[in-house]
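In what comes next, subunit A is part of two complexes: it sits with subunit B in the first one and with subunit C in the second one.
Entry: the complex of A and B
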């Protein structure tokens, strides 16, 4: 009885081929997932021994060979906050235009295309743009705020894209309800639509900050310096030279001898922690938005 | 409140609303302005190399080295665009050879084979991978990949070569490829797959002969955007490609792509030097290269969107 329905050799071959091909896609997936684990494991196992209160909360001594990296950590935070302060209002305003005001047409197509292309511009080109714009056009000195503004230019595309998605996802009925009560379009947008889209916008902002924190090439071009003790008063610090964790790590890789190996990995660990905190919060927030909207 | 009052209040409100609405519109123009500004400033700074500093255009286009000396003498300046350009192409080639099979295969797995929950997990993992700073990749690559390249394959200088850099850049580019390829596969309508199943095809046949051909535009765009990412990647190639400024004959040699040339030369370039405008010119070439790759990828994606209405 069973022989009548036994798979023919041809079907068996097909099944085998299917198993082999799909099995290799599983393999590829593992190859993608593995580097995350390898990078985190390697950085933690080599850098954890360097992390002491002194390493985190003291200023550098003997050109960073002793002491800690407190100024770099604080200036990185200032730099990121400032970059967000530049990029978020501009980016959200642009997203509001695209999602709420723009009518289908040539202008909208051009702006959309522009944003796609801004997202594809290499980070080092943003660095060159920052250098040309701030040092040659505006004639200002190298400083932390210039580095922040450069990072903000790069972050703009991410903020716009995610904020636009979040605004479009708000159901039209909510807007219409407000408009029907006689509320003006702008106020509807600012006080009704925007709060609804808020979690989605925050997700995009967190991702953008995470990207900016890890970005090295642009600040390399606009002139960052290695760890130095400076006045940590925000106003003075922003006008002083940029110090950032990502650049600190790059500088220490190339420095070579005389700088303890585990201190380099310690910087990598601090950088990775900062970046992943922003990144993972964004992922968690988005997951929660998705599971909320599914209900 | 009388109707007159209401109208008056409404007008007063409009007085505040209108300027705010106009500034919102202005930000859209700001993005266009930035994109145009980038190219304009790169060219304005870059073209000074030929106009003010008297460096010959043909020498820039043909010279077989790209030395980032800080010189002001156009006869002693030895910088051509070809070596960094070829180095960039080698690194990008290796990146694509590694990243495209892995990326597309992963996208096929999470979109067609895996449970939706597994798909979500892998997508998060890919995003974590995308979140790792490239300078950290460069550093880990220096510790783990470069020694193996030297011992096992004997490539490059101390394991630093175009292949080493390309291999590590592949992991920078792969999350982008997965994300776009997965979107493309997911966009293929269900009934297309089901028709093929009804004709007796198995999952493998449906995936290869129905789903993937239907998603071909999206898959192409994924590869192109991954390529743009590889062309523009800086820190990994700066640390791992080796840094030799002459023309690389093949991917096993030490080389210095465009991004790494800019990053390593810009720091000590003075205002009057020839190297500063030369690096801006290199940046302009880099910009044009990635601009057109992204532009074409977007057109290709648009085709898929129109086809499946999403």
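Entry: the complex of A and C
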């Protein structure tokens, strides 16, 4: 029984096309998500057997072949927090200048382009820069804070770019509303624009710090070492040599003999977890600040 | 076609058009004002006076420079780097484009309500408290009282008194616009500029805002840009009609009491516009 609203062959063809296009986007999502799932599954299944309280909370023994990686885990956390402490205030301040204060023009375009390109500079180059700058120019000793600062220079590009985008995305009407009340531009930026851009900024910082957590090359160049028992008091630890999970993993993989396979995967699993903890805490922070501004 | 004059005459018979005000004090004095964006002139040679505790409407077709002119009164055009103002704009006898004038200070006296409601992404209460807090006008209990007064004055209190902690953006469009008006009232400006405040609102919300403007005109000097002639006729005491010619530069064509502009315009172009033959 046909009615006036029955689909014509033409409409049927269009519907089929829609289904195909929609289906392929679903497929693309699966193709992207699957490797991630496989990697995680692989790391977990190979490394889980190594995860014991001793592996997590003890110091290394027999050059890391026995014992655990507690110092490396703690120093990785310190290092990432410190890198964020270097990169976030500087990067956000820079983004505020670029988005809110700098006059549009050729110079600004060149600066923006340069910063975007900085994000594409290979990490080993940042390592070389860090080594040259800190050891040759500033004449400081190899230390965790130098490693963090080196990671921070690399993270800056991502932090600046994402914070700038987030600031630009804030509707101009809100700024005008504040300025029209006779509130200064600085206060408008700090109390209206910046809070509104905050979620976008957090996302950028997360991306940058997660990447920094996985970097090996730059910290290798500025003198990271394999697991050693050190004083974990933050002030002393910052001045001691860098120990980081990414470098630990690299070291253990290239070391070859004598290091049990599942302990390598165990380190990878811990690194993955550290990054996850970092991301989750930032997301919680973001959610709490957002819901506070809603109230 | 009866034309808009007919409607306005009807509105006047209803008593919704205010009688001619006795000339009060001049608050804003414009003298040969011109506005430029780079090398393009947007407004040229505008001279007229705006009176205290009255509502002045700027009307005219799109692109006649009425919003551009309005944004000169609180130096909002300063935000556009290439914008330039020539001539003289005095508020309370002070040349507001004088070097000694700080635009931030000026805007505390000359508030603005925008075309699109732009509440801050904060609670209703914080939206109102933002100005007084940042400007250090009040805190604690005093601030709470100020918030309530501003919301009452903006005829919004009864609708929001039980949900002051809700986000301002959760209100309806009309409520948002009254919130923005309340936000402006909270810093007690002398002049309130309104840039097509109802163009994004439905007729009922528009009517509420118009009633509110009528109330506020007792205490404030209001300048309103509108493309809605009925609105100009309903809310204003005086009306300035602006028009841009072929070269797209806005001029003031006629300025008079609203009654005069809508019933006995002197200029043919004004008559064409208010009778709906053009625009």
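Descriptive notes on the structure:
In this section, the second predicted complex is superposed on the first by the 241 of 295 C-alpha atoms of A that agree within 3 Å, B and C clash if a C-alpha of one lies under 4 Å from a C-alpha of the other, contacts with A are read in each partner's own complex, and residues count from 1 in each chain.
One rule holds in what follows: contacts are C-beta pairs under 8 Å (C-beta built on N, C-alpha and C of every residue); 3 or more make two chains touch, one makes a residue touch a chain.
Model, not experiment: these values are computed from the prediction.
When both complexes are overlaid on chain A, the residue A:271 reaches subunit B alone and has no touch with subunit C. When both complexes are overlaid on chain A, the residue A:114 reaches subunit B alone and has no touch with subunit C. Using the contact criterion defined above for the overlaid structures, shared-chain residue A:33 touches subunit B, although it does not reach subunit C. Number of subunit A residues touched is higher for B, counting subunit B against subunit C. In the overlay built on the shared chain, the residue A:184 is in contact with subunit B and with subunit C.
Counting contacts by the rule stated earlier, residues 184-185, 187 of subunit A appear in both its interface with subunit B and its interface with subunit C. By the touch criterion stated above, subunit A contacts subunit B in their complex at residues 14-15, 17-18, 21-22, 24-29, 31-33, 35-36, 38-39, 42-43, 46, 90, 93-94, 96-98, 101-102, 107, 110-111, 113-129, 131-133, 136-137, 153, 156-157, 160, 184-187, 207, 210-211, 213-217, 220-221, 223, 246, 249-250, 253-254, 264, 268, 271-272, 275-276, 279-280, 283, 287. Per the touch definition, subunit A reaches subunit C in the complex via residues 103-104, 171, 173-174, 176-185, 187, 191-192, 195-196, 293-295. Subunit C meets subunit A in the complex at residues 74, 76, 79, 81, 104-109, 111-112, 114, 116, 118-123, 130-131, 134-135, 165, 167, 180, 183-184, 187. On subunit B, the positions that touch subunit A within their shared complex are 10, 13-14, 17, 20-21, 23-25, 27-28, 30-32, 34-35, 37-38, 41-42, 44-45, 101-103, 105-106, 108-110, 113-114, 120, 122, 124-129, 131-140, 142-144, 171, 174-175, 178, 202-205, 225, 228, 231-235, 238-239, 259, 262-263, 266-267, 279-280, 283, 286-287, 290-291, 293-295, 298.
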